[in-house]
Amino acid sequence: MDNFLTVIAIIIGLNAAICLYRAVVGPTTQDRLLGVNIVGTKTLVVVVLVTFILAENFFLDVAFVYALLLFVVTVAVARYLEAEGWKEAA
Amino acid sequence: MSAARDIVAGALCCIGTFFFLVGTTGLLRMPDVFTRLHPSTKCDTLGACSVIVGMAVYSGWSWELCKLVVIACFLLLSSATCGHAIGRSALRRNIPYWRRQGKETGDGNGA
Amino acid sequence: METALNLTFIVLLVATALMAVWARDLLAAVIIFSVYSLIMALMWQRLQAPDLALTEAAVGAGVTTVLFVVTVFKTRRREEEE
Amino acid sequence: MKRVLSLFFIAALGVLLLYVVASMPPMGDPQTPTATHVIPRYLERAEEETHTENVITGVILNYRGYDTMGEVTVIFCALAAVLAVLGRERRGRIRGFVDRSPVPSSTIVRTMVRFMVPFIILFSVYTILHGEISPGGGFQGGAIIGGSMIIFTTVFGLYESSRRIPQKVRAPLEGSAVIVFFLVGALGLVGGGNFLTYAWPHAARGLQPALVTWLTVLVEVGIGLGGAMVLISILFAMIREEEEIALTA
């Protein structure tokens, strides 16, 4: 079972590497933010998988903080991008 | 009993990985922000939740089950909110919509 | 198998660090740097250092990113060309 | 020429560092001095000496207490530097960048944030108080409180946020990490031990474990509150527009 979980984690990690393309290249900043959110969700899942691969169950707190902070960063930066150009307009 | 639990957990992990792949494909291939939001947030939420539920099945009855279910619920709420916030910020910054190249209808509700 | 997992994420880590340095758009650099912090937290957890992983996830990915974004909005968006 | 020279220096430094790394013992080698001297001592004696189940917390707050006190002072100095450059806001409620934007924040995000922030703060309290048993501790919990205030400020605006945590609550609590640390350290002196020993050698024997545990928790709470307030103050100072004081202040 451990090997199976490791293989799943590697596949998800490669997925995250592909999604990083959108975060790096993405034409608009919103694309990059979306890419960060997606990569973050994938790494969150890998954190959960690594917890069970290492069989150290109290590591789940890290996954919790991860989810909370991903939400915080995405919403805060999206709000700032929303308010972006108003100074020049006024 | 333990073998059945492993099989269910493995199946859920495979489903989650499949949806992750679908979401990645959508994120790479779609033409603009609004269409990219559509596959990536939904598929990612479903994929992450099914992998986490699979891990909850794998862990059995314990405190980890409780924590994993809470994480999955939080992800279900927060991922949708994040998608909404990104889409709204893109809408407010007047990022142009994608139009099909071949037939320019011009008024925006064609194609 | 374990080595492959480590290798995948170390390659990702180095790639994000290089991209954050090379980006000309400072806002993009900040956003890529938050990905770097997320992957670094995963690596700390992989090395069985959960306290450090918590700190990296909370401070590196959460607080610093928002403070950097605020700073970029207060100053200039583009890096100056030589 | 300058470019070539700098490239040469960087390459030389890289070769040197790689050489040093190659001569280091492999990671996790049981024969290295760290693994033969320090770690066994910590793993064997930490439980009975520091009375904390999480050995890392025991090492950080008890064995390496001086280092942690220095770090806490560094964080406080960072706040002092930021406030020296940007200045603290005057009395009254203030407005920030996103407050005055013509685009109001979305209803969905407002509802979700109002629903989420209590849970985030609850989890950070868990992280602070449970830090001696599971991973986490004062500074991590403080950073999570800072994150919750960041999201609240960006969505509801600095005006609302500074009403929830006014300056007269924030300012005294900013130094609480340093103050609590010094007080607990001095308490060790009063009890007849050394500075920061967390111990009263003359106290009754049965009292000692509970005393050490509670003092550790007290220091954790102090660091958590102080770190959170420092982060919130830095955030408020940075996103504040120049002294735009609202009329209803």
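For clarity, chains are labelled A, B, C and D in written order, and residue numbers in each chain start from 1.
To be clear about the criterion, a residue touches a chain if its C-beta (ideal position, glycine included) is under 8 Å from a C-beta of that chain, and two chains touch if they have at least 3 such contacts.
This is a predicted model, so every value here is computed, not measured.
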Pair joined by the larger number of C-beta contacts - B-D, A-D: A-D
Subunit B and subunit D, separation of their C-alpha mean positions in angstrom: 33
For subunit A paired with subunit D, centre-to-centre distance based on mean C-alpha positions, whole Å: 23
Averaged-CA centre spacing for the pair subunit D and subunit C, given as whole angstrom: 20
Separation of subunit A from subunit B, taking each centre as the mean of its C-alpha atoms, in whole Å: 12
In subunit B, residues with contacts to at least two other chains: 74, 78, 81, 85, 88, 92
Shared-contact residues (touching 2 or more other chains) in subunit A: 33, 35, 58-59, 61-62, 64-65, 68-72, 75-76, 79-80, 82, 84
Numbers and ranges of subunit D residues touching at least 2 other chains: 97, 103, 109, 116, 127, 135-136, 140, 144, 147, 150, 154
Touch-based graph of the chains, sorted into line, ring, star, complete or other: other
Chains grouped in pairs wherever the two touch, ordered by label: A-B, A-C, A-D, B-D, C-D
Residues of subunit B touching subunit A in the complex: 6, 9-10, 13-14, 16-17, 20-21, 23-24, 27-28, 33, 36-37, 40-41, 44-45, 47-48, 51-52, 55, 58-59, 62-64, 67-68, 70-71, 74-75, 78-79, 81-83, 85-86, 88-90, 92-93, 95
Residues of subunit C touching subunit D in the complex: 50-51, 53-55, 58-59, 62-63, 66-67, 70-71, 73-74
Of all residues in subunit A, those that touch subunit C in their complex: 3, 6-7, 9-10, 13-14, 16-17, 20, 23-24, 29, 32-33, 35-36, 39-40, 43, 46-47, 50-51, 54, 56, 58-59, 61-62, 65-66, 69-70, 72-73, 76-77, 80, 84
Contacting residues of subunit A [partner subunit D, same complex]: 58-59, 61-62, 64-65, 68-69, 71-72, 75-76, 79-80, 82-83, 86, 89-90
Subunit B residues within the subunit D interface of the complex: 74, 77-78, 81, 84-85, 88, 92
